[in-house]
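Structures given as structure tokens follow.
Both of the next two complexes hold chain A, though its partner changes from chain B to chain C.
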Partner chain A sequence: MAQLKTVIESPLSAIGDRFLQWSAEVGGMVVLIGQIFVRLNPFKLDGPETWRNMYRIGVKSFPIILVTALLTGAIMVIQSGTYIQQYGAYGLLGWGAGYSVLREVGPILIGLMFSGRVGANNTAELGTMKVTDQIDALRALAIDPLGYLVVPRFYAMILMMFLLVVVGDFTALLGGAVTSQYMLGVDMELFAWSIVTYIKLEDLFHGLFKSIAFGFAIAVISCHFGMSTSGGAVGVGRAVNASVVGSAIAIFVIDFIFTYTFL
Partner chain B sequence: MIVVDNVTKYYEGRPVLENVSVEIPEGTNLGVIGPGGCGKSLLLKIICGLVKPDKGTVEIDGVDVHKLKPTELADLRFRIGMLFQNYALFDFMNVADNIAFPLRQAGETDEDEIGRRVQEMLDAIDLPNIGHQYGRELSGGMKKRVSFARAVIRRPPIIFYDDPTAGLDPVTSSKIFLLLRDIRDNYGTTSITISHDIEGIKEICDNFAMFERGRLVFHGTRAEIEETEIKIVRQFWDGFSDDELNV
Partner chain C sequence: MSTSPSDTLDDGSHEAPAEAGFFARMLTSVGQPIVELYGIGKGIMEMFFLTFYYLIRGRKRWSAIFEQMHEIGNRSVVFIAFTLGFLGMILIYQASFQAMKITGDLQLLGALFMQLLWREFAPTITALMLATRVGTGMAAQLGSMVVTEQVDALKMCAAQPVEYLVVPRFIASVVMTVVLTLFAVLVSYLAGAVTANVMFNVNYLTFFNFSFVSWFDLIIGLVKALAYGTAIPVISCYAGFAVHGGSAGVGRATTQAVVYASLAVVVLDFLISGVGFIYLIFLA
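Showing the complex of A and B:
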């Protein structure tokens, strides 16, 4: 009887335990969002720290985003190229590639790259600062660590994610145009005409709104896991892992909600 | 005046500091000794409000540290300098910016004056030419000295030193202890110094406290600690052990 009780109880207790852990993490993120917004009044941003973060988050991510976007545009064109050639619908090539890049593939792929590069780095940096007493050192020097470290990163990540998606979208379309010209023999002008004619402004905005939401989620998740790191180097590794996985899940959940709501 | 009254702190249900009461009169230096993991560093964090005790109070100049609002606590911390056990240098700043950081955050805007005072500190810690280097390029002893410079550059009236000479050679250690004494004598600072260098803190502290497993086992003057019959304090102070090591 006691054995049966254990067999039934242990999976239930494991599920309950995991649920409580998830609840604590989500609760921590909600509290962090509240703490960030509390610091909006009065609005005070550490200028040098914000610029430093914008540079390392945005400018340093530029090359990898360009490569990702260029290849994404090319892949979209190659994928749809088979059917376009089969049906001779060359005038739809730009629309097909542009629609999927601007609304879905561009923001998602750039978001995943951003979370892997910037979010992971952010969690590792904050986590290392936490376990080596640097956060306590800031507090001991009468400096609010959230105001000094988290708030500038929060704004820098949202803004830079948005700008990188803008740049990435156009780079992807450029990659698509070049690929259509040299690999499928479809004229770049026809490709551009197709985009201008069939793509609506709301398709562009749909992706850009997503990029803001992705930036928000990656910023909150990476800062939360960084600031709640404990347990030395092993703890930093765990926090980075949780941050990357959490950001990826958040990106897909947000994407689903946006697509379902605004399609 | 710092008054620690009956402070207790638990971690995972286990007491790591238990009913600790100690007073540090203004302008004096309390030397804190004890084996590793006995709660010394935690006590410093509790005193400056970084960690909240589960029981008891900490008063600095009559104000209960743990009842202050965040802005009031920030004001109090402007009067406190702290040297952390594991340096806590900011990785993303070079040495000069680390040392200058407390001055800039306190509103000092004259960069010439900041540069002059940073160089003065670098000279004092015997590292005059490393301002442009980053923490990752320094040895443990050098980091400790830079961290020391950052803790004292604002000349705060209260300073906590957590093992200021750990990892330093004897000559540099004695220089650091001389600096600590100069700071106290010239600026009348109230301080707490955690150290395992008994010979060093003998010379710079007015009173001594010894901790063991989270409990305060001794608190008194140098004369009293030298006369005490408490075995563990005697062993620690004189640096011997009755127990044989089983290797």
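Showing the complex of A and C:
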């Protein structure tokens, strides 16, 4: 309510305030990207840490991504099923569901789940380290916190997001095939034939390129908000909230840019 | 959780750890997630029924409800407008591109878009956005209250934490999810209309065609919004109350809140869409 009052009392100052906050966050992210790329020059990657992060990010989110992808494929088949049933064009079911899953819905939904599962977890972990002064302790031990904590997570997230979308795409198509067989009565073979015939390789690659960009955005945003946490347990909660909100916005904006540029 | 008693117990039960090896580990890896999921599901159901009980029996505190409505609704408006606006632009761009290639006819674009928006995209994507924004917010807030022992203080004052904290959030979330879904339809549709007009020269009057939207679509969309609005606060508050162990625990709870709330949205979407499809094909 206090915020509402300031908006009414001095709208310009409220807008400017919000703008400055956003600028600070975006600037912080750009600086973080710069710092990660500076660490490319003498290329040094902490192997065990990267491996451990890849396990935690990829393998641990595997079941959630599988469930999401299965249900996504099923939902897409159900939604296109009503139109297919109306016009009797059963041969187009695989195309309709496959095209939307591979290009848009699969990467977006898996990206949102990934930002919820991995991005939030990452922000919470880094934020907890920050508020309990563990990052300062690393610095005191002459260990570069960015090189040790952020860089391995960054690469692990991009790689694992890509791999999870690869797996998720095929799981979604599988879920769609099962749904089309048992709910619509459209034969699985016809579904598969429709996918193979109408869907081009570039549809798959379009989604996969997007997934790399999503992984990049989620990694940068979650690490930035984690590393700039302040204010105890409340601050950790606030940082996680900001991280998932930022990731969701980034996913939709990047998706639009990709669709607009590469279609 | 102290580790020393469980260690001594373990020493007693595991006589031959080397022989138990592969098979026991396989069974554990299958069984443990199931037991865990059962516990979480039970906790969420308990929270749901407790909320429902206090919703009917308890006293409503309108000031708290309005505060939560402001928190959930007004403060998500910009976020929802941003994400759903972009979604509308993306969907229209993809759809009209395909339609141009196959039929070259964009007459029905707006009508079909409105129908799909009502049935699927507006409620579900809005709910996913709310699950991330509101779910983490609730879990973080309640989690910090648990960590700083404010919830215990409430119990000391003979105030039920569920009645005092969860019920206002529940009511506010159910109302605001429906309102925000309506807002999302509006924003997405307008963004789609502008995209179709600018990129594909579809006249606004042709685009604003609501002839495909039936009562069935409206009801399905509203049922979905209501179901999501019920699930999100219950799951997030469950995650918030289950916090233990300082700021690390708060972080873990917020993650759990997003994951379970988003999963619940996807599962509910599948169930409601499936029931609606069966109704549409076989009964109507």
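Following the convention adopted for this analysis, the second predicted complex is superposed on the first by the 254 of 263 C-alpha atoms of A that agree within 3 Å, B and C clash if a C-alpha of one lies under 4 Å from a C-alpha of the other, contacts with A are read in each partner's own complex, and residues count from 1 in each chain.
Criterion: a residue touches a chain if its C-beta (ideal position, glycine included) is under 8 Å from a C-beta of that chain, and two chains touch if they have at least 3 such contacts.
Source: prediction; values computed, not measured.
Participant: Look at where chain B and chain C land on chain A after superposing the complexes, then choose clash or fit.
Facilitator: They fit side by side.
Participant: Go through the superposed model and pick first if A:L173 touches only chain B, second if only chain C, both, or neither.
Facilitator: neither
Participant: So in the superposed three-chain picture, is A:I221 touching just chain B, just chain C, both, or none of them (first/second/both/neither)?
Facilitator: In the superposed model, A:I221 contacts neither chain B nor chain C.
Participant: With both structures placed on chain A, which of the two partners, chain B or chain C, ends up touching more residues of chain A?
Facilitator: C
Participant: Just checking: does A:V165 make contact with chain B only, chain C only, both, or neither of them? Give me first, second, both or neither.
Facilitator: Touch status of A:V165: no partner.
Participant: Can you pull out the angle centred on chain A between the C-alpha centres of chain B and chain C, to the nearest 10°?
Facilitator: Taking the centre of chain A as apex, the angle works out to 100 degrees.
Participant: Between chain B and chain C, whom does A:R52 touch in the aligned arrangement: first, second, both, or neither?
Facilitator: Once the two structures are laid over each other on A, A:R52 reaches chain B alone.
Participant: With both complexes superposed on chain A, which partner does A:I64 reach: first (chain B), second (chain C), both or neither?
Facilitator: second
Participant: I'd like to know which partner A:D144 touches here: chain B for first, chain C for second, both or neither.
Facilitator: Touch status of A:D144: first partner only.
Participant: Now for A:T132: first (chain B), second (chain C), both, or neither, which partner does it touch?
Facilitator: both
Participant: Measuring by CA atoms in the overlay, how small does the chain B-chain C distance get, in Å?
Facilitator: Chain B and chain C, overlaid via chain A, are at closest 6 Å apart by C-alpha.
Participant: Do chain B and chain C touch any of the same residues on chain A, and if so, which?
Facilitator: On chain A, the residues that contact chain B in one structure and chain C in the other are 125, 128, 132.
Participant: With touch defined as at the start, can you tell me which chain A residues reach chain C in the complex?
Facilitator: 1, 4, 63-64, 67-68, 71-72, 74-75, 78-79, 81-82, 85, 99-100, 103-104, 109, 112-113, 115-117, 120-121, 123-125, 127-128, 131-132, 183, 232-238, 240-241, 244-245, 247-249, 252-253, 255-256, 259-260, 263
Participant: Going by the contact rule set out above, which residues of chain B touch chain A in the complex?
Facilitator: 45, 48, 50, 70, 73-78, 80, 82, 84-92, 101-102, 105
Participant: Residues of chain A touching chain B in their complex?
Facilitator: Within the complex, chain A touches chain B at residues 52, 125, 128-129, 132-134, 136-137, 139-144.
Participant: What does chain C use to touch chain A in their complex?
Facilitator: Where chain C meets chain A, its residues are 33, 67, 70, 74, 79, 82-83, 86-87, 89-91, 93-94, 97-98, 116, 119-120, 128-129, 131-133, 136-137, 139-141, 143-144, 147-148, 246-252, 254-255, 258-259, 262-263, 266-267, 269-270, 273-274, 277-278, 280-281.
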